[in-house]
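In order of appearance the chains are A, B, C and D, and numbering begins at 1 in each one.
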Amino acid sequence: MSEHAHPGYLQTKDTYLKRLRRIEGQARGLQRMVEEETYCIDILTQVSAMTKALQAVALGLLEEHVEHCVADAVRAGGPEAQDKLREANEAIARLVRS
Amino acid sequence: MSEHAHPGYLQTKDTYLKRLRRIEGQARGLQRMVEEETYCIDILTQVSAMTKALQAVALGLLEEHVEHCVADAVRAGGPEAQDKLREANEAIARLVRS
Amino acid sequence: MSEHAHPGYLQTKDTYLKRLRRIEGQARGLQRMVEEETYCIDILTQVSAMTKALQAVALGLLEEHVEHCVADAVRAGGPEAQDKLREANEAIARLVRS
Amino acid sequence: MSEHAHPGYLQTKDTYLKRLRRIEGQARGLQRMVEEETYCIDILTQVSAMTKALQAVALGLLEEHVEHCVADAVRAGGPEAQDKLREANEAIARLVRS
């Protein structure tokens, strides 16, 4: 069994699926708006809403990752703990910069 | 004919549709990753890529809006010009803060 | 007289100077916190406040630039108008990505 | 001795002081630019550079906080571990949203 068999979001998997389906729907809604030549500013408002929804998914996943995967690795100790900490910090930096 | 009959992205409509379809595909890809219990960090990397793609769409739309709709309104002058400038500035602020 | 003799923020110069002095004070406050070995999270909260203050200055300057310099260039027309629009769009993109 | 007597950045305190002094200098440079009525776009470029420098300080502090304070608390276990994890996640969210 791989070390990743249980991702941090396992208990909340259904919530993430629901949120991602809604985000997929937003992407389809944006296509419809472009098809119908909706006013640019109204499209931008929808893009902002979708970006915020995506960012909330990222923060949720990161939070559960830190609380479960990273905390477990730190408790287990050894080089794996350092790897997980470094990897989490890199993910945080990517998220802050995106 | 309404003032918004020709949005700023009219010439590039197909490009936006293609980019939004790809973004919709990324949202579906993320659902598949969650279904298959993919490692959190790998999902986060995909969420970052999707956020960047969305941000690029927003910047493209805003750019064309400023170069066409806003510039046209400024050339026409009157209160409409001020409205369009204010509206564009509000959209820029929303984008910077999201 | 150069084309830039009157920047867009001319009427509000004193407000910007005051805001930038406050931001300079925040930078000194942060040094004091580090000197006194303040708890990391409390420093981060101050850094966030300072980042928001800087972002507000940037949005304010950009807004006045678009409403004055860019709008004036568009009204005057010619290649200068296109240059100013392109330049403003690049500044917006830098701000959104930073 | 308080639990915060040794912040995560203790070993790198001098580096942070140097970086914050440089950021303070950038804030002073911006005031000079406004005084001299520098072109808006050139000021915006400097504001972007300063924002990036501040963001790098925040990411550095957060990284050391997670690797030292949070990891130590997790190894020690108990309610303090949960508190530190929650607090770090809140700081990450503030940083991502700012």
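Criterion: a residue touches a chain if its C-beta (ideal position, glycine included) is under 8 Å from a C-beta of that chain, and two chains touch if they have at least 3 such contacts.
Because the structure is a prediction, the values reported are computed rather than measured.
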Worksheet item: What chains do chain A and chain B have as common neighbours?
Response: none
Worksheet item: What's the fewest number of moves from chain B to chain D, given that each move must go to a chain touching the current one?
Response: 2
Worksheet item: How many angstrom between the C-alpha centroids of chain D and chain C?
Response: 20
Worksheet item: Can you give the whole-Å distance between the Cα centres of chain A and chain D?
Response: 23
Discussion item. I'd like the Å distance between the centres of chain A and chain C, where a centre is the mean of that chain's Cα atoms.
Written reply: 30
Worksheet, complete the sentence: Where chain A touches two or more other chains simultaneously, the residues are 55, 58, 62, 88, 95
Worksheet item: Can the chain contact pattern be summarised as a line, a ring, a star, a complete graph, or none of these (other)?
Response: ring
Worksheet entry | Chain-chain contacts as defined at top | A-B, A-D, B-C, C-D
Worksheet item: Which positions of chain D touch chain C when the two form their complex?
Response: 4-10, 13, 16-17, 20-21, 23-24, 27-28, 30-31, 34-35, 37-41, 43-45, 47-48, 50-52, 54-55, 57-58, 61-62, 64-65, 69, 87-88, 91, 94-95, 98
Item to complete: Would you pull the chain D residues touching chain A in the complex into a rising list?
Response: 55, 58-59, 62-63, 66-67, 71, 74-75, 77, 81, 85, 88-89, 92-93, 95-97
